[in-house]
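Look at the two complexes coming up: chain A is in both, with chain B in one and chain C in the other.
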Partner chain A sequence: MSLFDDKFSRRGVLKTGLVGAAAATAPFHFVRGASAADYLNMPKGKSVTFGFNVPQTGAYADEGADELRAYKLAVQHINGEGDGGMLNTFSSKALKGDGVNGKKVEFVTGDTQTKSDAARASAKRMIEKDGAIMITGGSSSGVAIAVQGLCQEAGVIFMAGLTHSNDTTGKDKKANGFRHFFNTEMTGAALAPVLKNNFGTDRTAYHLTADYTWGWSQEGSIKKYTEKLGWKTAAAVRTPLGAGDFSQYITPVLNSGADVLVLNHYGKDMVNSLTQAVQFGLRDKQVNGKDFAIVVPLYSRLMAQGAGKNVQGIYGSTGWHWSLTDEGSKAFVKSFGKAYGFPPSQAAHTCYVQALLYADACQRAGSFAPCDVLKALEGFKFDGMGNGPTEYRAEDHQCFKDVLVVKGKENPTSKFDVLEVVEVTPRAQVEYPADLLGGELGSCNNGA
Partner chain B sequence: MDAILLQILNGLDKGAAYALIALGLTLIFGTLGVVNFAHGALFMLGAFCAVTVGKLLKYETVKLDPTQTTPWGSPAEIRTPIVEEWFGDFGALMIDYSVPFSILFAIPIMLLLGVLMERGLIRFFYKRPHADQILVTFGLAIVVQEIIKSQFGANPIPQAAPALLAGSADLGAVLGFDPGTVVYPYWRIIYLLFSALIIGIVFAFLQFTTYGMVVRAGMADRETVGLLGINIQKRFTVVFGMAAVVAGLAGVMYTPILPPDYHMGMDFLVLSFVVVVVGGMGSLPGAVAAGFLLGILQSFASMNEVKNILPGIDQIIIYLIAVVILLVRPRGLMGRKGVMES
Partner chain C sequence: MSQKLEKIKSPLDMEPLTIEVHDVEASHRAKTARNDLILMVVFSAVVLGGPWILAPFGADYPDLLQRFCIFGIFAIGFNIMFGLTGYLSFGHAAFLGVGSYAAVWSFKLLTMNAVPAVIFGVLCAGLFSAAIGYISLRRAGIYFSILTLAFAQMSYNLAYSVLTPITNGETGLQLELSDSRMLDAAMGIERTSSLPVTNLFGMKMSGYEGFYFCAIILIIAFYISLRIFRSPFGMMLRGIKTNQNRMAYTGINTRPYLLTAFVISGMYAGLAGSLMAVTDPLAGAERMQWTASGEVVLMTILGGAGTLIGPVIGAGVIKYFENIFSAFNEDTLHAAYSFLPEGLADFMTTISHPFVGEGWHLTLGVLFMMIVIFLPGGLMEGAQRIANLFSGAGKKSKAESSATDTQPAE
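Then we have the complex of A and B:
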């Protein structure tokens, strides 16, 4: 008699053994997800943990600090502390100020350092070690795309912070990722009519572009929309990120025949290139009988403060501004100003809204399972969050809302009062077909 | 031709900053034999001397205006700089000229910081390998920049040139080109002249004073100078302080060109080291010449005509030149024979 005759074959035992060995050596979170939970990091106690991944060091540390302030305020409001902020004006009334799904919201933080690898490492740590149910934040498109990819693989929702490249919800979009902030395509669509009204259709533009994903995206969008107006493009020059002194890139503009300089720079690069362009007399120059113009497609109020008087009269776009007078913006500015003594930035706004939107979606879904939250967010229409009626488009997880065209203020009344809103571009004007920017969402991942 | 002239001016301007930092680096290496990776931090600290003076001069009295409120409900603030309250128009003038005024503040501060750095840390590493020196000075630079970031934040802080010098000079009209074709900011021209003056003062000090002569003798043969009963170490400490002052002044005057932030020292440090290597380790004229040369080459490499043929050349040109120089002439353009060649 053989041990392997009827019930057991040698091959069968080997197969079983291999499967058993594979299960025993599988990463802990796979096993945990498979055996004890429906999804990764399913909260079991009385609290749920959000993961705030923001730049706490590096070039965008100030922007990151503002994001963190906003997140802390959002957590307070979700848990029923403080004055409630935008929860009072938010069109959805699912959140009652008693946490989410009966659980108090707690948070952990990570430092992206505005470096993709560091941002992924901190997000991974928050997911695997701290049990974060979701990840949100960031101040760079490169970082957002990297962290979004990680969240998709891990199986948690990623609510992007400040990321403006088309790619985040374009070619690199992911089912588990959602962006409230606008993108370069919308900037182009919003800015073009204002540029036409102020500078006409017979213009020649010279682009200086930060040499990375966001810069290319911004340059492409502005070229596309200005060339539609009839503008010509004299040159589009790529500049290294963090170049510091841009004089060698600015001087060729002087005699290029261009009468508009488009600075596709953000942050420190924007401050430096704009300051130096003004020093070289470009703002006061006349070319072909026209006043030379400088355009900064994406403004950040925090950064504009760094450029001082040089921003005066210069057009750009921004996601949100504290001077807006709708009820949602007023409520947020009041809460934030009371807590910190100064108005919030656009980064703070988008992060605050993302935290509330996520919490609201969980509450409406009655679950923290990423695929349930995804269903609650897809196609969700809301108002009272500062940008008019807004929709999270299901096809690409991009929010569609009004976009602000702003100008550096000529007579600022305080150091925060550097930009003035010249036009609120309606959502319909910046909407585009979902397939325009390419990419595939793929399917949602619960991480289990 | 006007484009070439503009790039030469850009190169000279950029080269002036490289030369001033590299000059200090070379002075320290030539006298103390220390590779000081914290030298960029001294440049940054100089810039923050200007920021500090600017902040002090703009220190404001705050009065609350109960008739107006902020969007978050607190009374609006009316802010007035104290110096304007005290001195009226002269106070406003002091604020306007805060950057040149900062020089007076930066000289003693940077001298003190330089001496403290040398006595407090660097001297313990004289006999240690260069790798140890690089590690400790690099660590020091990181500590300094993190302190500055904690105090001043991460964003650039603009410092305006005096209103009188904020515009641009139309050099085209002066040099026989069409008016408006060669326009260059006044402050950049001043920076170039200022750098030339500082370089001239350092060279004159070393060349024409007894103190400088002893320092040069110490650089050539430290042991013999010591045998003559001269405390060369004390003089080298002063030289370290002087190098710190040169870097600091370069930083002060650079603030209207580049709004300073905590990281600006690191941005310049690596390039300045390349300048020192290309010029020749320990060679003061080499550091100055290489600074201007590399500044000009970097500017030309950024021209569209060049970038169209060699994309990205503007980002690697300096390192490319350094590689070529190290391969062909390891001691650098004006380095002493034998240095870096064995």
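Then we have the complex of A and C:
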């Protein structure tokens, strides 16, 4: 078969054309790629660009919207606009409210759609097109891990937002990635003593687990710590993510002999499964002569609001809550409330803190080069950010701080006042050896 | 294949007629060949010149350019099935996903070179599509669509949870420092403390190099699709679309043709999937979700199903919206309207805000509706109409267009 069913040497013409076009374009792209920077996206003008990569559509859009509000507030505070928020209570005084390293902070935003691919595409746009020096955000562990991997390859810093899976700073940890939020391991360690005090040591648990990485991670940690207390595990049932109707999973709980139901769900899944469990009358039941109890390991205020009355008296853990009374939390709640008219969520808190921590590390390092920033963040000890004394552990880039155990409030005074803090589990109790979760950091990457 | 064609002709006994039109046909064929050559040259020039052509639109960065090429390939492949046979597969994303997973596994187990990854990805997707096609093609129309959709969703759910040891579940399959990379090890490539990058015999496959790699593959893929469109096999597929029953009555078993088209189109999807892994070595389950399958249907219809170049344009438009429109926030808008007086600028920002940023789906939805209502042949029909308007020779080119490649899907 000739190339175009024609006697004339089309093949030759085509080949010449293709090669010619390729040859004509080749020198340009090398010029385009070339630059004299020491590291990727080195800021040259009077400003530096941060990339805020949050879910604006999809299951975690509520969290994403709150994260974006927090980031905007953080940028204002770093640039010296507004009342300064936590910069006034932050133990490091490097940031003076005149930007970072004398450069004004600007930002670009993107939609992760709660999908790894979309999140990476959006992060790549920020890095390649908008020249972002740092990417932050992510409202699900899968997305956070995917973007963290990308930032490692590209050579920019990733400051993880709301991601609770062990893997982010465990199995999948990366040198260029940092997480301020806590993880399922810490949830298990913090929750176990409270469960023991309230429900005793002779209990049988039944797990309903969202069937993906975070769910398994959460189930594993709770099992590990409750079985240490002497609890038994009747069954651990996996439910598909976004199932909507959980009734078929809740009915078997009643006949299993279990007296505690652990819901390893997050977001809308948790709102639905908890609401249905309460509607089925589980909490009014008596099993083995004990009151039936429900536990939700990871709580957020946005979820508690969604589940309404059903959360009353139910235990769980959370990273931060706006009703905390330390100076840092008060300052943040005040400036967030002034800007948007309602209190921030834990997602907003961790993102706000991450943005400030990054800016502060750049200021202290006197550079935006990822490897310099990394040195400034590793082992950094700070206070005044709402969680008490905190440390960025150098071995796995995970923040260690106190963890809050909360309970759904029995008599809420407003629609935001749905959780009460039962106990602040001190940092020492939730700390674990760095090699427990596996993974390798690798070496830092400056890109370029 | 030619034997089959004769089979149709002989019972109809059209001998004299064929001889009569032979000369016309020959000149027509020569004309088509010339047009095809021009099309190929223009297409290649536009694709390779992408970084300059797209610069005014803010889309001249490597990742998006790569995406244009990759989804262009995906849509071209989908169009071979949907555009030619009219069989609407609603599960093509499954093959894309299989291609990605296969390519990443090739990086993990064999080598960081892109060539084995692409070959492995295409092969796996081909096998997988043969299995699914064999079952699904027992039914036609909506039942075929539903079957493919069901298989794709099944693959997605398997990849998301049950097959986690192979797919790494929600987190997605990623490279690790501890991967074996047997061929690389055998070639004596040293292990470093940072992750290796994908390469083509030493040339890294991210950035502009990756784009040119994808661009050249897109041009080849486009050429193959062109040849299929012009071949007797392509004619057979068009026949299936026009009237499958009549084909059956003339004694032709259409299923092997359909299955071949389905497998080819699945391999195109696998090629696209493996290129995604080459430019960015990660494979996630959501690549197989039904929304991803729906996206390629949108791309094809938006650009013009059954046309050669339409699907590529459709893919470009959708990826442009997804990546550029979704990034506009209030500040960008304000800057864009800054030439207007203060009050008017605020007003314009307020009006246009719901359509950009997180509202990009809305804009795309409106655009899609407009096109389906006013331009059923997709953007290609729009281009044709504009061309006719300017040349003023509406009638002439209309007659021509029916002979060339613009045949909208029903």
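Quick note on the criterion: the second predicted complex is superposed on the first by the 413 of 448 C-alpha atoms of A that agree within 3 Å, B and C clash if a C-alpha of one lies under 4 Å from a C-alpha of the other, contacts with A are read in each partner's own complex, and residues count from 1 in each chain.
Everything that follows uses one rule, which is that a residue touches a chain if its C-beta (ideal position, glycine included) is under 8 Å from a C-beta of that chain, and two chains touch if they have at least 3 such contacts.
The structure presented is a predicted model; accordingly, all values stated were derived computationally and were not measured.
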item	value
Touched partner set for A:G110, first chain B, second chain C, both or neither	second
Partner chain in contact with A:P240 - chain B first, chain C second, else both or neither	both
Which superposed partner A:D435 touches (first chain B, second chain C, both, neither)	neither
Touching partner for A:E395 - first (chain B), second (chain C), both, neither	neither
First (chain B), second (chain C), both or neither touched by A:D98	neither
Partner chain(s) touched by A:E153 [first = chain B, second = chain C, both, neither]	second
Chain B versus chain C as contact partner of A:G281, first or second or both or neither	first
Touching partner for A:E227 - first (chain B), second (chain C), both, neither	neither
Intersection of the chain A residues that touch chain B with those that touch chain C	57, 61, 240
Footprint of chain A on chain C - complex, ascending	29-30, 32-34, 36-37, 40-41, 44-45, 48-49, 51-52, 58, 61-64, 67, 157, 160-161, 169-172, 174-175, 177-178, 193-195, 197, 206-209, 212, 216, 219, 227, 230, 276, 280, 282, 284, 286-287, 322-324, 326-327, 329, 357-358, 360-361
Residue ranges of chain A in contact with chain C within the complex	1, 4-6, 10, 13-14, 17-18, 21-22, 25, 28-29, 32-33, 56-57, 61, 108-111, 115-118, 120-122, 124-125, 128-129, 140-142, 145-146, 149-150, 152-153, 167, 172, 211-214, 238, 240-241, 440, 442-443, 445
Interfacial residue positions of chain A with respect to chain B in the complex	57-62, 235, 237, 240, 242, 244-245, 247-249, 251-252, 254-255, 268, 271-272, 275-276, 279-281, 285, 302-303, 305-310, 322-323, 330, 333-338, 341, 343, 414
Chain B to chain A touching residues, read off their complex	2-3, 6-7, 9-11, 13-14, 70-74, 77, 149, 153-158, 160, 166-168, 180-181, 183-185, 187-188, 256-259, 261, 263-264, 267, 298-299, 302-304, 307, 314-315
